[in-house]
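Shared chain: chain A. Partners: chain B in the first complex, chain C in the second.
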Partner chain A sequence: MVLKYIVSRLAMFFISIFVASTVIFFLPRLTGQNPLEEKFYQEAQRGGYLEDVDEIVAAFEEQYGFDKPLYQQYFTFMVNLTRFDLGRSIFSWPKTVNQLLGETIIWTLALSLLTGVIAFVIGTIMGALMEWKRNNSLLMVSFFPFMIWAAVPYFIFGLVLLTVFSFAWPVLPGYGGYQTGVVGWPNWSELDFLVSVVKHGTLPALSIILVSLAGWAMGMRGMMVTTKGEDYMLLAEAKGLPGRVQFYRYAVRNSTLPQLTGLALQLGLIVSGLLLVEVVFAYPGVGGMLYSAIRISDHAIIQGTVFVLAFGTALATLILDMIYPLIDPRIKYGAT
Partner chain B sequence: MDSAIQPDPSATPTTDATEVGAPQTSSIYQERILPTLRYLRRNRLMVLGLTILGALALMIILSYLFYRQTDLYGEEQGVDGLSTALSVPARIKPSWNPWGEFPLGTDEQGRDILAHLTVGTPLTLRIGLLAAAIGIGAGMILAFISAYAGGWIDAIIRVLVDSLIPIPGLVILIIIATALTPGKGLNVDQLALAIAVLAWPGPARVIRSQVLVMRERGYVQMARMSGTGSLGIIFKEMMPNLAPYILASYVAAVTGAILATIGIETLGLGDIDAPTLGAMLYWIIELGALLKGQWWWLLSPIFVIVLLFVGLFMISAGLDEVANPRLRRRV
Partner chain C sequence: MTTAEATTAAVNVDIHSENVLEVENLKVYYDTDAGQVKAVDDVSFTLKRGERMGLVGESGSGKTTMAMALMRLHKPPAIIAGGTVRLDGLSLLDLNEEEMRQTRLRDIALVPQGAMNSLNPVYRVRDQIVDGIKHHTSGDEMPNKPVLSERVVELLNSVGLDGNVADMYPHELSGGMKQRVALAIATSLRPKMILADEPTSALDVVVQRQIMLTLEQLQQEMQASVLLVGHDMGLMAQFADVLGVMYAGHLVEFAPIQEIFEDPKHPYTKKLISSLPDIEVKGQFTGIEGLPPTLVVPPPGCRFHPRCPIYNDDEDFRGEFTDIRGQLDTSLCTTVDPHLNEIEPRRWVACHMYERSA
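Here is the complex of A and B:
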């Protein structure tokens, strides 16, 4: 039974990846655009004279395999994907997309994991407390702003933070991932550099944390209402367990599980939101790179990045789905 | 919906002053409207959400009807004329003076921001409503097919839905937009369609599970035993009971679609010349409005977007309560 669940869930994961990569391959090619030609004609326009553009394009087309029939291209594309070979950038030739991703993905991973964990933990506990201590006026008052926060997209809130803390009252930098203009940076062993990274990361991180924290808090509050009515809560109280034990081990533990389901379902939305936050703050992560690739129509980077994002999100969902039954003994593998 | 708007037996009749003057003869009023109003009094979130969106709509309508400016040639222009780029060319610098000529200021391109918002908010809403309607429609049809056909058809639809949900919609939209219209963005209707293509898996999953639950209910089996056909059961027995779920998924889908359009337009992949809210954000970022100190240009669209999302969120939370009575607040 367990094995059957794991196998079918893994199959689902591969179908996700397969659908995504097929869309990524066919959509741009079926519309008959030629990114290489576009690039070289752009260059020719910019630089004045460029000799034998057609021949150069043909040479590059051979490099990218565009001269081969479509099914053969598709096959090569898929085989390369299984080896995580995403090809070379068109504009930053001859850098590979993997190299470019390697430079940026660390920023995105750090930002998303850090903000995700902080927001989930604090939000869940705050939401639980909001329902648990109904006579605490501070928590009750925070309900309304939370409600509003939870509804606002990350990057809209980010724009507000940017206006307030970077322009109206300029205390924090709102552009980039670290202080630029110093030769030799990024240098992770230097303290000044680390300080500037933290400073630059504060606003993007805050715009994600505050919004998603509010979302988790609202969800948790709703769950706590149900949990508080359960028989085992009455039993815990009747046994005379201390309030803290009742709260953490009985109420929070049981209400947190649906939150994890919510997390698995919302990962796609969270990733989309993260990309836009990076764009707003010109953060040197994957979102920022994707944005500049869109600007200059570097299709190799766009397609590679989109694949990596789809892959990462599907993988994270898979992991959550796999560990969910381990955390919640009420859920059995394959009992869907 | 029937069970959701039953009159609350515990509500005391003396609290409602308006009831005294209510027409006693109108049975529709007593059976339908009055209980709905009573219920709404308890479902404060829904009322608040409706009020916020209503106020926004009122502002837009008033501005459509009464806001006029004279342009460069001394001709009077309504919001439509004022919202196009370079409508007030070079006449004035981007500026803000709430008591002056332009209540919300003007932007870098000489557009009147109030006019821009008046035209742009309905446009953005239209994308959201249209995309969500198509998405929910497709999702609903697939949900019914899946739940009724069973077997391998059900399996295929389920696998498709489950495998599409974990893929972030925005990145697929980026591929669609960059592939279909290289160099330019999608126009407003194309954008709605592109978003609709990605909007159906969520609703399909939710509605399918509701249909499966409902099919086993007593009243559906009763109808089946009395010889009602499948279509009759779907439309006469199930639809009225599914309505709150469908409405709740619709509002959620509208929120998602508006989020997607604003996101994709901010990236510059929408029609950057259309006066939508997302295109406005694109220009604000592209032209560095904040760096130039033009904070009023950002403030107004942000305000409208926040109102829009908060209103929709509250209605959605309120509808959840209708659909799932267990969430209902104790009086």
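Here is the complex of A and C:
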């Protein structure tokens, strides 16, 4: 039973990765741009020397395998993916996409995990309290701004924070992931460096936390309204259970289930939202890299980055699927 | 017999000490934008120890609102606007929140409507029986796990369930089993009073019967009083000792069940009982014409008068009531709200028709 469940979820995991990879392979090619050709003609024009460009392009295309038929390129791409070989960057030659990701992903991962968890926990608690303690004016007052807040995109909010705390009232740095120009940095074992990282991370983190916190709070509040109307809530009160037991073990416990489903579904959105925040704050994460890769049509980096994001989202969903039956007994491992 | 003994004997037969539930002039209003809805208005009745009372009325007549208010489980915008509720002498409306919480389940327990969703879906049956017990027992009196476990099995057996149900989740149980679990929870602390709000409304008739038999058996074993809210007159006839009839927020008749079926006094009750299908007489069903009134602006005088066969001089009712109607000053019906009066021993009726003879 359990095995069947795990196998079926794993199959779904691999199918979604396969579909995502296919889309990732074809999407950049649909733009109809030939990045190598464009790049070299640009360079050649700049140097005023236009001879042999076609040959150079052809040589590079051969190097990258762009000269082969599309199906063959696709096949090679998929085979390489199984070894997590994401190929070589076109413009950051000779670095591989894996190397480039290795440099940037730690920043994105740290920022998204930290902000994701903080926003989810605080937002969920606030949403629950907003509905439960209806006579608390502070919580009631926060309802309206939260509603607007939850609808604001991260990066817009990031721009606002940047304007206020970095320019109008410059208390926090608004650019980069750490103080640049210091010899020997990044050095993760140095305290000053870590302090600098925290300082630089504050504004990007805040712009994500505050917005998604409001979203979680609204969602949780809505669920609490529904849960409060359930018959088991009436029985919980009729059983003479203390308020805190009704709150935690009955109301919150049941309202959190859809929140967790939402968390799995939102993971992709959080990450993609984060990408734009990284652009706004020139944060050294995957987002910034992806952004510039799209601008110069570096297919390899686009493919690699999007693949890693898709993989991460699928993996998180898989993990949640695996633990969901443990938190909701109505979902059985046996059912597919 | 010494004086002391005589006093004790006198106390024992004292009618008041027999009353488990005394409700006096209870008013439950809903504050709405359209105005104040008097969902329960001036309701008074008493219930003796071990007695089973049925409470019937149309949808919106205030029966569930009143039942919830008895346990102070009413939710805003409902407010208790006045009256007293005494459970075994304890004035429930004067208790603070914590005292009221302690009273629930221990002294007055609820068997909920809608058995399907009354149990928390994420916990096992065992946990849901135990948490009620746990939060009514102080730390040092708390029985240890094996004792508690035994108690859960006992309770489940007492409602006709197997002990292994304790380790099941609500979604693994049928509707009837869930309602049995609800009965086990309600009786876990042997309350003085069980409030059953349409406990069988979501169940088929066979399961209904089993549940009612189980409730009756538990009630007799514990000598608890029961207030059964519903609109199934057949169920009431089989289960209740006394019946209260509510109409538009008022208790319009309150009497022993046999008498109310044989000789209903209030015109509404008469219509209600004559509307019941008869297995021997095939033909047209007769209902009660009209709709229940809005409780924001109830009809002046008697709330039933717009639909009342007596007031409207309905032909079908003429023969039986010619005498009384001749004496009835019908202008009272449209101006004065009738009070619940005891016109014969234990026969309470709120109708102007009987005030003259009373």
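Following the convention adopted for this analysis, the second predicted complex is superposed on the first by the 301 of 336 C-alpha atoms of A that agree within 3 Å, B and C clash if a C-alpha of one lies under 4 Å from a C-alpha of the other, contacts with A are read in each partner's own complex, and residues count from 1 in each chain.
As a working rule, contacts are C-beta pairs under 8 Å (C-beta built on N, C-alpha and C of every residue); 3 or more make two chains touch, one makes a residue touch a chain.
Predicted, not measured: the structure shown is a model, and the values here were computed from it.
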Going by the contact rule set out at the top, does A:Thr163 touch chain B (first), chain C (second), both, or neither? first
Considering only the touch criterion stated at the top, classify A:Glu230 as touching first (chain B), second (chain C), both, or neither. second
Which chain, chain B or chain C, is in touch with more residues of chain A? B
Examine A:Leu290 and indicate which partner it touches, taking first as chain B and second as chain C; both and neither are also allowed. first
Which superposed partner A:Pro94 touches (first chain B, second chain C, both, neither): neither
May I ask you to decide whether A:Arg253 touches chain B, chain C, both, or neither, giving the answer as first, second, both or neither? second
Does the superposition put A:Pro69 against chain B (first), chain C (second), both, or neither? neither
Contacts of chain A common to chain B and chain C in the A-superposed view none
Where on chain B is chain A touching in the complex? 159, 162-172, 174-176, 178-180, 182-183, 256, 259-260, 262-263, 266-269, 281, 285, 290, 293, 295, 298-299, 302, 305-306, 309-310, 312-314, 326-327
Which part of chain A faces chain C closely enough to touch in the complex? 230-232, 234-242, 245, 249-250, 253-254, 257, 327-330
Per the contact definition, I'd like the list of chain A residues that touch chain B in the complex. 12-13, 15-16, 19-20, 23-24, 27-28, 30-31, 33, 35, 38, 147-148, 150-153, 155-156, 159-160, 162-163, 166-168, 174, 222, 225-226, 265, 267-269, 271-272, 275-276, 279-280, 290-291, 294-295, 297, 299, 302-303, 305-306, 309-310, 313-314, 317-318
Under the stated contact criterion, what part of chain C meets chain A in this complex? 71, 73, 101-106, 109-110, 112-114, 116-123, 131-132, 135-136, 169, 171, 182, 185
